[in-house]
Structures are given as structure tokens and as C-alpha cells.
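Next, two complexes with chain A in common: one pairs it with chain B, the other with chain C.
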Partner chain A sequence: MPETIPEDSVGLVEPQRLRFEEPLELASGRTLPEYELVFETYGELNADASNAVLVCHALSGDQHAAGWNSMEDRKPGWWNNLIGPGKAVDTNRFFVVCPNNLGGCKGSTGPTSTNPETGKPYGPDFPIVTVGDWVRSQERLMRRLGIARWAAVIGGSLGGMQVMQWAIDFPDSLHSAAVIAAAPRLTAQNIGFNEVARQAILSDPEFHEGRYHEHGVVPRRGLMLARMLGHITYLSDDAMRAKFGRELREGRIHFGFDVEFQVESYLRYQGKSFVDRFDANTYLLMTKALDYFDPAGDYGDDLAEAMRRARARFLVVSFTSDWRFSPARSEEIVRALLAAGRDVSYARVEAHHGHDAFLFPIPYYVNVFRGFMNRIPLEG
Partner chain B sequence: MPETIPEDSVGLVEPQRLRFEEPLELASGRTLPEYELVFETYGELNADASNAVLVCHALSGDQHAAGWNSMEDRKPGWWNNLIGPGKAVDTNRFFVVCPNNLGGCKGSTGPTSTNPETGKPYGPDFPIVTVGDWVRSQERLMRRLGIARWAAVIGGSLGGMQVMQWAIDFPDSLHSAAVIAAAPRLTAQNIGFNEVARQAILSDPEFHEGRYHEHGVVPRRGLMLARMLGHITYLSDDAMRAKFGRELREGRIHFGFDVEFQVESYLRYQGKSFVDRFDANTYLLMTKALDYFDPAGDYGDDLAEAMRRARARFLVVSFTSDWRFSPARSEEIVRALLAAGRDVSYARVEAHHGHDAFLFPIPYYVNVFRGFMNRIPLEG
Partner chain C sequence: MRADLEIISDWIRPRSRILDLGCGDGTLLAHLRGQRECSGYGLEIDEDNVTRCVEAGLSVVQSDLDEGLAKFFPSATACFDYAVMTQTLQAIREPQKLIDEMLTIAREGIVTFPNMAYWKNRIQLGVMGRMPVTRSLPNHWYNTPNIHLCTVGDFERLCDDLDIEILQRTVVDAHHRTTVLGSAFPNVFGEVALYRLQRKQ
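What follows is the complex of A and B.
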């Protein structure tokens, strides 16, 4: 954390926690008898609770979207560039809520939580959850916070998929919807990458069918490989070229299998540090939620038909160098919204960062996002 | 093998073997005291040995480029679509030679061969070889076969890189050069994918620092992951969509981690079957040869300067859906050749197969390739 808190920062924040004792029936047919959601909030809820914004996180994200959790934090929350006083999502105006998703590993009920039926951690017995399940758990959170309708639901990547599902499943519970760097569903290639990541974890001898904690180990190698692979798909070829080129870490080739190119060093570091902060069972669950996401599937494979249920005004944003969820995928969403007669703005942002661009304060992106948020009328 | 040999097939072929007792000094500074090369030939060498064509193989390729090795073979050689009587590389006209590269695992000296210094298999002690090393070993093969100059050196992917190196290092030893689906050097993203594949192998507990055969095991999981990942990069997103879409293998979602989508089934099958026919140490060596390939590096990072050494006439071919080595990368090669004043034809082939397109008999590709080969003047 910087020595003085920047004026456009939400500053120090503490995660909050709510317990839900009403069972949640899941898409898989299984039921979570009870669960907790951990979340952070930024800004203040206004008198008529009309200024609340729900932020949905992506694959490896969590509830810590902005500010710092302690004076020792090296980095702020994952969307700190976009959320704060005067920022695109202006906490002087909005009350922002960001929960950790069910199945997560940062405090919400997930594989590392205690299974009330056995008294032991769920581990691999935690049910597979879908984007629809998450949205229903978030809707309960909304009601518990005394909010009847979100001013906006916003998110990038897997977060943007939750936004779409919100707009379809609870059309009257959100005014606006920002779907950023997302896709209407995964391609076979996307699923292929997820499958390699899963196999890396599942085939790690220290995975122990998901009961690794009982064996006092974690599937480090598998989770590290999954993260390394993920990172390649988050960055564009150009971004990697700009960041690393073909630079050698020590200026010369060694003819060995230690790190030689800077990009190898970066990927190994990213892989290793991820293992210390993320749970392998959660990673598996998140990739499955991605694979299964297919809102058109419930409407005869017609995304426009699905979007006809929606009532929100939409912002869709894509980034030119994003090859994980390319602009063409966002444009499928835009076309479906237009065919459904919905109110939609679309921005195709020139950016070299690849999929990760949605995390960066790229001026055009920030301005479009800010304009969209500022035009949400607040009553209270 | 089909019951009758097709007329445009080279038919049954037997690999040949030559031993080279002159030590080979490698780019790494190490020396191979002696080595063997296994190779196949198709067609007949003419009287003045002016009709010989060298075929260079790619990452997981080998000497078996065309025809069948036995009546039981399920599939012909990897470039059977392009090599044969009347095909683009016409064996009625040319004498085609395809060696397995040094460091390979199909018969040429490599990690599974006996190290004459220890009497045991080389394993991880086999030196890292470069594209330049391969080319020098192939040049010795050329001379041993009584060939003073190749009519053409041809290859796709890593094979195309060997073609470029041939043209630069032995400019007077080839008349023509076909560089197909290649790149002047890897990008950071390409190296990143190779690094994930290597880490999958190196971190497999059954790798045993490369001495897995001494432990009676092979690093199956690592090699399988490496191959699954490779396959995703060989196919285009469109090709995967066409091949698998989002089809479920059993028609419905199971909410589990067994195979659900067809693409998962395909990748697992490809990964598993690769383990039975390829050596992990060889895979590591091949990825390093790719990473290190950088012919411009010896010429002040100026590929045109490198190409000024070349004398061959060139054909460069790229495929529109190839995102591993995209048309833009082939066009870098073409621009360098033009800047160097070389004779070059370029074809950008519309194809949905991704990088693998170079293996398919796509009519425009076949016609361009055939035309290029047919215009090579033969003396004898």
C-alpha cells in the first residue's frame, strides 16, 4: 500500500460476511444446505437503495475489487483502476458490492469450507456450480442488503457472463448491465484450453482425487501449469512481444532447461505465486462454470430470444487484441441484443494488452464506461 | 494400409540407416563423437544426382513422410498427401530423402540411443541441438548419398525453418527452397507455449531428471499434457468449431470431471496415443530447437542481411487460419527475401485447418507447390 492513500482510492477496506440458511438448489440437481458469502463494499448506499452496483469477478478473481485490505498489501484490488472516488465506477455516487463466488477460495463457501453433513472440508465433494447458480446466490445477497434492484451489474470475462445471466434471469432487478471482454459461450478452443488446465491438476499425483489437504499437500505442479497456460491466453501475442520480446534473462543462451527467455521467467513466477493463493478444486469448478455457460442453450440456441427477456440497458466492451474472447464474440452479444430490440452501446477498444485489457485504465474504455455509469439515474 | 496400393502412392518403404563417424561439433559447444541418421527415400536418384529433394520434418515428425512401412500401418507417412507419383512433390521426377533429425526418437541418434562414452542411453545427457546442427548433419547425409546439390529443400513448420537455415548456411547446395507455414523466429507467445509444455514434462514426478527409462517408467502425464496443448495450437479456433463445436459426447452435461465435450475426448485421445510413440527427452529437445531458431540473430537481427547469403529460389506458403505461425510471420520472410533481392513466390492459402493445413491436399496449395517443383530444371 502507498504511504498515503490516493484521493481516488477507496482506501482500506474490510471484507464482510453473510450467512444464508435457506438451501440453494443448484443446476446440477444438488443442494447447498447453507452457505456464506464474503464480499466487500465501497461507497455508501443511498436512502432509497437505488445506487447499488454489483461487481462480478472472473476466473481467478475474488471479492477484493478495489482499495487495500491492509497497510502491508503490495497491490490494490483487481479493478482498482476502474472503481473509486471519481473513477469510471464512481464510489462518490455508487455503493459498490463485490462478492466472492460460491465455490471460491477467498471466504465464500467453497471446497475449503466445512461440509455440514460430514464436519470435514468439502474438497472435491463441493458441487459444480454454474453462472446461473452464482446469480441466484447474488440475488439473495441483494435482498439481504436491502436492495430491490441494482443500479448496474458489471463485470469482465467470466464476470461479464454473470452480467448477461443476471439480465436474463432477473430482468427487473437491474437497471444497467456492463458486459466487458466476455463471450456468449466458450468455443471448442476455449474449452480445450480449460481441459488442458484441468488435466494438469487432475493428473498431478498430489491431487489425491481432490483430497490433497487430507494428505497435507497441494497439487502445486498442476495448478502452476494451469496458471501458466491461462496467462498466455490472457495476454496478446503483441503484449507479450512488447513485454518480453525474445529477451534472454542473462543475455545469452545456455543450452539447458533452466529459464532462458524473460517470458519463461515471468510464466514460472506467475504459476508459482498463484499456487500460494488459490485452491485447485476452486480452479476446477471455475473452469467448469465457464464451459457450461450458454444462456442461448435454454432458448433454442437463440441468444436474441434469451435477450428478449432482458430489460436492462447494456454496455458491451471488447478489446482488439483479446484473442481469448475476441471482439467478434462481443459482437455476437451486441447483434443478439439489437435483434431483441434492447438498448445497447458497444465499444471496441484499441488495446494491446490482450484479454487482460479489461483491468487497465485505457482512456477510451474508462471514458465510455464512466459515461455509461453516469447516465444511470439515481433516485435517492 | 489399403488393400491395393493407390497409384499415386510410393507404396511400401523401408527406412535406411547411415553411420557417421566424423564427430559433429554442435552450436552448444558440445560434440557428438559419432551418430546415425535414419531416413526414407522415395523415387530414384537420376544419373547426375540432380533430382534429389530433402524433406525436413517438424516438431513431432520423423523420416516416414510418405507411403507405408508395413501392410499393418493404419495411416501413411505424414506428408503422403504431397509426396508420391504425380503429386506436388512428384516421385516420378524427384528422388526424395527424408531423415529423422538428430535428437529424434525414431532411429536417428538421440536420447534413447546408447552414449558411446558410458555404454548407457543418453537420456537427458543428449546435447541440445539447433536447427543449424541439423542442417550440418543433413549436409553430410547429402554428400554420403553422392548428391552435390539438392534440387530442393522443403519443409513445413519447424521443417520450414530448416529450409531457411539451409539456404543461408549452404547457399550453393540447393537450387530451390520451399518454406511452408514457418516463421523467422518464435514470438514470446510461441516460447511461452513451449515452456508450459516443457514444464509439464519436467515437473512430472516420473520424469526423474530425464532418466525415466532407468526407473522403468515414462513421464506419461507430462508428455500427454504437452501434446494436448500442442494440438490446440495446431488447429484453428474455426477448425475446432467445425470439428467439435460444443457437442457433448453423451448429449447432456454430467456436472463432473469426466469427458463431457467432444473436444475434451479428442484432446485426451491425442495426448494418450502420443505417449506411446514419442520420447519425452526428444520433445524437450525439439521445443528448444524451435525457441533458439533465429537466423537473423547472426546477422545483426536483420533477416534480409541473412537472406543475402541465400542463392536459392524460394516458395513461401502460409495459411489464413494458422495462428501458431500466422501469414504475417511468413510475410516477414517474404519481405526479407525481397529486400535481399532474392527470387521468391508467395502463396497465402485460404484454409480453415489452422497450422496443420500444411499437411492437407488443399487444391491451391497443391497447385502452387507442384508448379514450383515442376519448374526446377533437372539435368540428368
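What follows is the complex of A and C.
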């Protein structure tokens, strides 16, 4: 909770909401007859609408990227380290838009929303959405906001995947693209982790085939386990060792299965607090969007061929201790962009934080990101 | 701008595609972009230099030249007009491999390096019996990044062995000026050597 709002912060922000009544055809073949997107904005749109930046969120992210929603908030938005006045994404210069993705659980239409056909929450009936579907929904948001072209589309992890999709699917609708801690598609190992997370949720007796709200329960244990597993993959071995080591909560072992090591306590806390703020059906959908992401798939499995469509200038950033989407994965993206002759810069940032590094204000990362954003020409 | 970069930029045809290996803060690339309408990429390992290149609006890929060019350009043949490497050859683990890769990826290569057989180096090593420390070789033996120092003569023999044709050669002093003596006796009076190369046709 901030006692006063820091000067380099966007301050108190309120989410906004727009309704889209034009049906959205999805990659699955299904159609969303209508939907709402919730989003936050920071900074001011300039006269010719040339300074708008789209921020795409990751698996468990949402529209609250920067600032505080109330003075009672414990923490600011998830990318507050990077977005704000004078920060890498400078809100004195840019008008920043961050929507909650379709299928999310923070206000945009998703499994917890009411299905107009039944009058009940969608629950498991909410269609599986892909990264391409999200990008098309965001493109409509762009037009509704009176923006013809983003100055930049930026995002980390699953957010970075949306950035790639944007550059390929709407090449003329963005000037610059920052793809951070991402991958061109998941590996079998990545999908394996997602599958364990999904199984944790699906096998929870309180899941009720996704209709847990109708039963007045939530699959707490499953969602908690999914988050605990995910959390391990977001941190590096070194970061966990530095943070917890083998430290015991009560200084000695008890020869039992209660929490003994600090790391167990931390993971349980992370898992439990996640259950209070996230929906299990949304988690299932998001992991599927990750698994299905494969922009090269539409271009003969040739990512360079896909990137030949792109017109944006790119910044690709990886972090050395990220083993979920390692530097080698970012380098695949860079190779494809180079083969396609695109304008690309690549920074491989030394960081011990693991995959989560993209959320931290690591000086080299911040400087190179700021340098990239500052080169975007704005007209009026 | 450094005078050796001035000479190199005179060698480069306008509107060329350039790959600058060890591009530093991007001075040469920015100059070629501004003066000769060239485009291309820099490869650079140092993070401050990468940041400066990005700030200058250049395309730079953070990479270690000791890992070779194939990591980022796996099947690229002659996709650049020039591959340029200034004052870096002597710090590379396998210089002969890298030169070969440069001439695969680009039609021509431009390489500059300090000439170990420069007369001042000869005196320090041959007469005084010490590893040379000069303006173009400023480090002591224990803290130098240079692991493969060579002479003008050595380099030209390597080119011969690798079937590389020398298209142009200039030697300069530490202020990057050409001298009459250097032109006549490059292996003695050239402090820094500059070469433009291509594979023998």
C-alpha cells in the first residue's frame, strides 16, 4: 500500500470497459457473438494518435500493468517497474493501453462472464481462444480508441508471443515491437509443465467439469498446485537458493509433511493467494493458448517466412537464468528476423531472477528498452 | 571519427548491406548509414555498447564472436555486401575460421588489426626483450584481450593459405595516418593494417 504515490508512477488508475457487438470468429471455428474488453490506459493520446503503445499481458497477468487501483492496494501493477513517467516506457511521451485478454477473469469476457445464450456463467463452455484471436480482438480495440497504428506493441512471455503475432498478422498496424522473454513456440517440456498444471485443476474433485461456480465451490487445491508448479518454473535455481536455501521455518525438522522448509511455505502462500485472484477455467484457457501458439505453423514451419510479413522494428530481450523461455528460444526469434532481413536488436540480459526477470528493473534491460522506445518517432 | 573508420568507409560502396563484427558503440555503422545510405547489423558482446547502438537507432545483436556467425546466420551465403571487423581479429579464439565465415556471409571482408611487426614492437621485443606496449597495443601481457597477435606478413600468408584475395591494403600509424614509409615497408612501418578481401574466384 503506497502512503503517497511515487512521482515516477502513473498514480491511481481506473479500468475502462468497451463492448464489441460485432461477432468475433475464433481460430477454433467457434464464434463469440459479443464481448467486452476491460483495459487501463496511462498517459495522454496525442493529437494524431501516433503515440499509443499496446501492452500485452502474460499467463496470469491482467489489465493492471502500472500504478495503483486504490490506496489500499498492496502492490502496484505488474509492469510498474517499466511503465511510468520517465521510465523505459515513458508515459510522458506515450499513451499506454493494456487490456485484459479475452478468456481472462479480470473483467474482459471470459469463463466467469454470463453466457448470453444461457444466462449463466460460461464456465467450461467459454471457447478456447488463441493468441491470434486475442490479437484480432485487440485490433478492434485499437480502432475503437481511434488509433490507426500502434507506436509499439510490447510484452513479456505470453505477452511477447502476442507481439510477434501482431507483427505478422497486422504488419502495418505497429511501428515497433518489443518481444521480451518469449519463445517462437512451446517445447514438449513447456507443454508438459502446462499439462501437469491442467491435470492438477481437472482432477480436483471440486472442479465439477468446470461448473464449480454452479456448485458454489472452486477447485482450490488444483489451482493452487498449478500455480505452485508454475511458480517454480518462473524462478531460477539460483534465485530460489538465494531466497530460501534450505532454511527451516522453525529451525529444525519434524519428520512430517507439514511446512518445514521456507520454500514450501512460500509456494503454498503463492498458490493460496493465487486462488483468491484467479479463475481455474481461465488458467486452463491461458495454458492452451500458450500450447497452441505457433506462428511459423501457418508458413510451412518456417518462422523466417512468417517474419517476412512483418514490417515493425524489433527489440528481442532474453534473460540468462530464464529456463522456461531460455535465451536460446529468443535467439530462434532473432535468427528468423535476421533471415527475413528485419530491423532487429537483441539483448541477452544477465539476470538471476529466472523467467520473472522481465518484471524487474534490471539496469541493462531498462536502458536498452528505453533506448529502443525513445527511437520511435512521434508526430504530433 | 577514428581515421581508420574513415578509410574503411571510403572503401565501401554506397547503399551496401553491412555486417559489423564487434561494432562497439556503432560509430562506423552510424557513419555508413548517414554518409553512404548503408544498412545492416552490428554484432557486439558488451552491454553498454549494445545499449548505445540501440539508442542510436542501429540494429545490434548481442553475441560472442567466438561462437561464430552461424549461430545467428545459419545458412546465410553472401547476404551482405561487406563483413567488417575492426581491431578485433587479434582477440578472437579462431580467427581463421571467422575470416572464412565472413567471406561466406558477405561478398567482401574488411579486417583491421595491429601489426605485431611494427618497428616499435620489434624494438621492445627484440632489443629490450619485453612484450610491446604501444598506443595500438595498450595492454600489458597479463591483462590483454589479444590472444592471436599477428604481423602483416603472417596475415597475408594466411590469406594465401585460405585462398583469399587481397583487394586492397593500407597501413597506418597510431593516429591512423598513412605514411610514405608505411606504404613502402608495411610490415615494418605499418602500426595498424587494413585489408579488403574476397574469396578467390
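Structure notes:
Please note the rule applied: the second predicted complex is superposed on the first by the 380 of 380 C-alpha atoms of A that agree within 3 Å, B and C clash if a C-alpha of one lies under 4 Å from a C-alpha of the other, contacts with A are read in each partner's own complex, and residues count from 1 in each chain.
One rule holds for everything that comes next: a residue touches a chain if its C-beta (ideal position, glycine included) is under 8 Å from a C-beta of that chain, and two chains touch if they have at least 3 such contacts.
All figures in this text were calculated on a predicted structure; none of them were measured in a lab.
In the superposition on chain A, A:R375 makes contact with chain C only, while chain B stays out of contact range.
Shared-chain residue A:R143: touches no atom of chain B or chain C. Legend: residue contacts after superposition of the two complexes on their common chain; A:D343 is shown touching chain C, with no touch to chain B. Contact with chain C, but none with chain B, is seen for A:E331 once the two complexes are overlaid on the shared chain. In the overlay built on the shared chain, the residue A:R19 is in contact with neither chain B nor chain C. When the two structures are aligned on the shared chain, A:E195 is found in touch with chain B, with no touch to chain C. In the superposition on chain A, contact of A:F257 is made with chain B only, not with chain C. Within the superposed three-chain model, A:H215 lies out of touch with both chain B and chain C [touch as defined at top]. Those residues of chain C that touch chain A in the complex are listed here as 41, 47, 50-55, 57-63, 71-76, 79. Chain A contributes residues 313, 315, 331, 334-335, 338-339, 341, 343-350, 364, 367-368, 371-372, 374-375 to its touches with chain C in the complex.
Residues of chain B touching chain A in their complex: 27-30, 127-128, 185-189, 191-193, 195-196, 198-200, 202-205, 221, 224-225, 228-229, 231-232, 235, 237, 240-241, 243-246, 253, 255-257, 260-264, 267-268, 271, 284, 288, 291-292, 294, 323.
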